[in-house]
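Shared between the two complexes below is chain A, which has chain B as its partner in the first and chain C in the second.
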Partner chain A sequence: MSLYEIIRTLLIGYPIPPEMIDPNFPVFIQRIGGLNLTLVVTVLSLLLGTPLGLVLAMTRSGPHGGIGRLPLGEKMGWWALQGPATVIVEVIRGIPIMILVLLTFYLPYRLFRLRVPPIILATVALSLYSGVYLSEIFRSGFRAVDERWVDAAHTLGLGKWQVLLKIKLPITLRAMLPALLGLVITIFKDSSVLMVVGVPELTFSARQIQVAEPVSYALVLGLVLLIYWSLATTGSVLCNRLEKVCSKHLSE
Partner chain B sequence: MKNLAVVLVTAIVFLVIGILVSPKKNAIRYPASVVQSTFEVVKKQGRVIIGIGQEAAPFGYMENGKLVGFDVDIVRAMVKKLEKYAAKEIKIEFRPVSDETRISWVQSGQIHMSLCHTNNTRKRDANIDFTVPYGWDAKGVLYNVSKGKNRNLTDFAGKVIGIKRSSSSEGEIQAYFKNKGWDEVTLKAYDSHIAGIQALVDDQIDGFTDDNSIIINTAMRAGHKVGPNEVLAVTATPYSPAFFGVGVPENDSDWRDVLNYSLHDLWNSGEFLEIYQKWFGPDSMCPVPLGSNRMEPYVEG
Partner chain C sequence: MNFREYVFAEPYFGWLCAGVQMTLLITALTTILSLVLGAVVAAFATSSSRTGRLVAKTYVSLFRNLPLVPLLLFLVFAMPGVFRFLTGRRFPVGMDFLLLVLGLSLNTSAYIAEILRSGIQALPAEHAFAARVLGLKPLAIRISVVYPQALRIVLPALGTRLIHNMKNSAIALVLPLPLEYMEVVGQAGRIAGQTFAWAEPLLFAAAVHLSLAILFSLIVNKLAREAQRKIEVSR
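Now for the complex of A and B:
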């Protein structure tokens, strides 16, 4: 196997055997492999994790000004929401990602007799994982906005949307960005645990090459390392730029 | 108060999941007469969902972009015979399984059968059933020849031996050394055979063990020479035999029967030997002579 072929296999994976494709689900998505699969699963799970994280964060943050002064009925309503949200966050945060993946691949059929292609289950598992961590990042972002600044902006005559776009959003974003980037990179790298359930992502493709081809063990690992590292670092650099853009807007 | 409530609810969530998921002890889990047999389901749907391993040569691995291997060939031939009993065409649907999932997914029923070089052990038999063995192997210890030629199992007493995680070698090798009264071996688990063999080559461990055919094949495919006078070698005497069976759901007699018949038919028609010779014959990378091994006999009539 030439170096070109190794890299190519790492990037797009081995062709998925036709018998492994479930005809009841979109076919093209089941043909993805290698780095492509890692990226697709990472991006999808972050996208799907965002609404989940937002809902969890908003529930856990409570209303503007805190729960304390609300009438009893509303108070109990918030508690009824916050309880389950906290449980979801604490349960998923307390499970190692590999166990979460194994459970996601086991429970849907065991409980509901649902048979779903691996890539969808992989996305679900990582969405749950990223959603929970995103919710904590969002919460810290919400907290970064000092209510006095919002009041000041209102006094200066800024409208509701202007406050949101010019004050709240930049401050929140700037506060969240480093943690957010950390999470993106974590999800990108941790998606390698999908290997234990046979999802042909980058690390699994590397193992398949090592099993079948007379190539150097270190070479394949080195290439995998290079791919993970270069993409993570690129993301890091891009994010630093973004951070500067956000700050610039704020200091104007 | 609120924190306490969260802890309590979390505990309850886990408890409920645990109760829902836990298999009932001392009860028939899938009584074939009450619940539909897997065979009925397969017949009705016209498809069989097969868990297949993809990371152990020569059983299931990728070659030239295709999934190949002994397990793959056997199961394809088996399904051809199965079609005769089902009296209709049956489509194969593969699901990738790993050593971690090959038992539990049969247990949950999300795959109808699993072929992943699964050694039929009693511990596993408590959770799933196996067909008659369709493959035979032995388990020895792979070692570095430069550290000593022609080594026996005794030489590994008290040494560090690498194993593949979730393989049955762990219990077997420890039981063997204990029975012999030798010093216990220290086991070190690796996520893949290739990682363990690399650790052996790098002298991080004294030996690596699993089914002989897998360790020899994996080492040779990685470019290491294997033989008594080469770089790596396997102990001549094994510490345990290995019998590979097809994993099927527990207490589903109809399904297990029909798979056994398919295997018998393959043996009788000679197709089995053809496939066996292709992967374990004298021309293969790691010959495993059939010897006295036979498909479990049965009487027609």
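Now for the complex of A and C:
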């Protein structure tokens, strides 16, 4: 295997032999692999984690804390929702991502005999993981909104939606953008855990090359580390820039 | 779900208990090593020498941006070859556990160095000036004036990172460790290998990790409250 082929395999995944394709699941999702799959899973899990995180954060912030008022009465037992939301967040934050991934892969099958394509399970596991961390980021973003600014906007005659779109959202977004980018990097790096369940992402492709081809594992793993490192470093440099820009506007 | 058969029956329960001990051992070793490494790197990062700062910056940016799974795989599978290529000597066998501890500590120490650096730089420079006026040597200033106060400021962030470090020990599952060195998730995998039951031992491992994390965060919160009180007293 030439260097070019190794890099190509790491980027798009090791070609799967026809007899390994599971006829029960769509073929195209079984063909994605390597860095491609890492990026797909990262992006998908962040997109799916956002609504989960938003719901958890708004529930935990209570009737007044969220970005808008939830369509629930003020006295309607908030504790009945807040309790479970807090438990979900603390439990998923308290266990290692390794256990979360393994449980997502083995628990549904054990309980309900449910067979789901591995890529979907991987996305579910990482969505749960990113959802709870996003909920913490959203909560700190909500806290950045000063009640007095909202009152001032209401006094100026702005409506409910105008206050949401022009006052609350910009402040919240600006306050949480650096943490958000940090989470993207974390999810990107932590998706390497998926190799234990045989999802053919970047780290697992290296393993596949090592098993099948007579090339130096040190070289392949070195390339894998280089790919992860360069993307994560680009992200964290951006993150630092963003932090400076965002905090400058907040202090004005 | 059949916990009685797959978790609380011998020899499985014994394996899991040994795994819990190993998790605690890995956590203790990596915590100590990464605190020491982190403190050294933070000292470089806040030193007056430009080379020292560059070294610290490189270390932090290198190990903070490398994911743990490929890093550990590299240390265990590729390091022996690299070592042999560089020195011409054979890498001693049976070092996998130590390489695991080293890899986890490299990762955590980079984060800790960054946390400690921010704590040291948050401290007013007048404290160090005052100590110098009193005639303390630079090293004495660092050890008895700057570090204790910086530690108090960053205690909550440090605690969070150390809990994260404990959770990272589960990544040992990807390494082919000898049976007696397997931590709790590894032992759960060992049970699954014999019984095909993943869910029950995994839920046990999750419960262990969750309770350890809660215990740790209670301790950290208590320490942080005391530290906060001391900070307020000193002002």
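The rule we apply is simple: the second predicted complex is superposed on the first by the 211 of 252 C-alpha atoms of A that agree within 3 Å, B and C clash if a C-alpha of one lies under 4 Å from a C-alpha of the other, contacts with A are read in each partner's own complex, and residues count from 1 in each chain.
As a working rule, a contact is a pair of C-beta atoms (placed from the backbone, for glycine too) under 8 Å apart; a residue touches a chain by one contact, two chains touch by 3 or more.
On a predicted model such as this, the values are computed, not experimentally measured, just so you know.
J.: Check chain A with both chain B and chain C modelled on it and let me know: fit or clash.
T.: clash
J.: Return first, second, both or neither, reflecting whether A:22 touches chain B, chain C, both chains, or no partner chain.
T.: After superposition on chain A, A:22 lies in contact with chain B alone.
J.: Does chain B (first) or chain C (second) touch A:99, or do both, or does neither?
T.: Once the two structures are laid over each other on A, A:99 reaches chain C alone.
J.: What is the contact status of A:225 with respect to chain B (first) and chain C (second): first, second, both, or neither?
T.: A:225 sits against chain C, while chain B stays out of touch.
J.: Name the contact category of A:217: first (chain B only), second (chain C only), both, or neither.
T.: Both chain B and chain C are touched by A:217.
J.: Tell me the contact category for A:136 with respect to chain B and chain C: first, second, both or neither.
T.: A:136: touches no partner chain.
J.: In the overlay, answer first, second, both or neither for which of chain B and chain C A:91 touches.
T.: Both partners, chain B and chain C.
J.: Can A:107 be said to touch chain B (first), chain C (second), both, or neither?
T.: In the superposition, A:107 contacts both chain B and chain C.
J.: A:233 contacts which: chain B (first), chain C (second), both, neither?
T.: The answer is second: A:233 touches chain C but not chain B.
J.: In the superposed arrangement, which partner chain does A:189 touch: chain B (first), chain C (second), both, or neither?
T.: second
J.: If I apply the document's touch criterion, which positions on chain A are contacted by chain B in one structure and by chain C in the other?
T.: Shared contact residues on chain A (touching chain B in one complex, chain C in the other): 90-91, 94, 102, 105-107, 110-111, 195-196, 207, 210, 216-217.
J.: List the residues on chain A that touch chain B in their complex, please.
T.: 14-15, 17, 19-20, 22, 79, 83-84, 86-87, 90-91, 94, 102, 105-107, 109-111, 113, 115, 118, 195-200, 204, 207-217
J.: In their shared complex, at which residues does chain B touch chain A?
T.: Residues of chain B touching chain A: 2, 5-6, 9-10, 13-14, 17, 20-21, 49, 54-57, 61-63, 65-67, 92-98, 100-101, 104-105, 108-110, 191-195, 198, 218, 221-223.
J.: Looking at the complex, which residues from chain C come into contact with chain A?
T.: 1, 61-62, 64-71, 73-74, 77-78, 81-82, 167-171, 173-174, 185, 192, 197-199, 202-203, 205-206, 209-210, 213-214
J.: Within the complex, which stretch of chain A touches chain C?
T.: 90-91, 93-99, 102-103, 105-107, 110-111, 185, 189-190, 192-193, 195-196, 202-203, 206-207, 210, 216-218, 221-222, 224-225, 228-229, 232-233, 236
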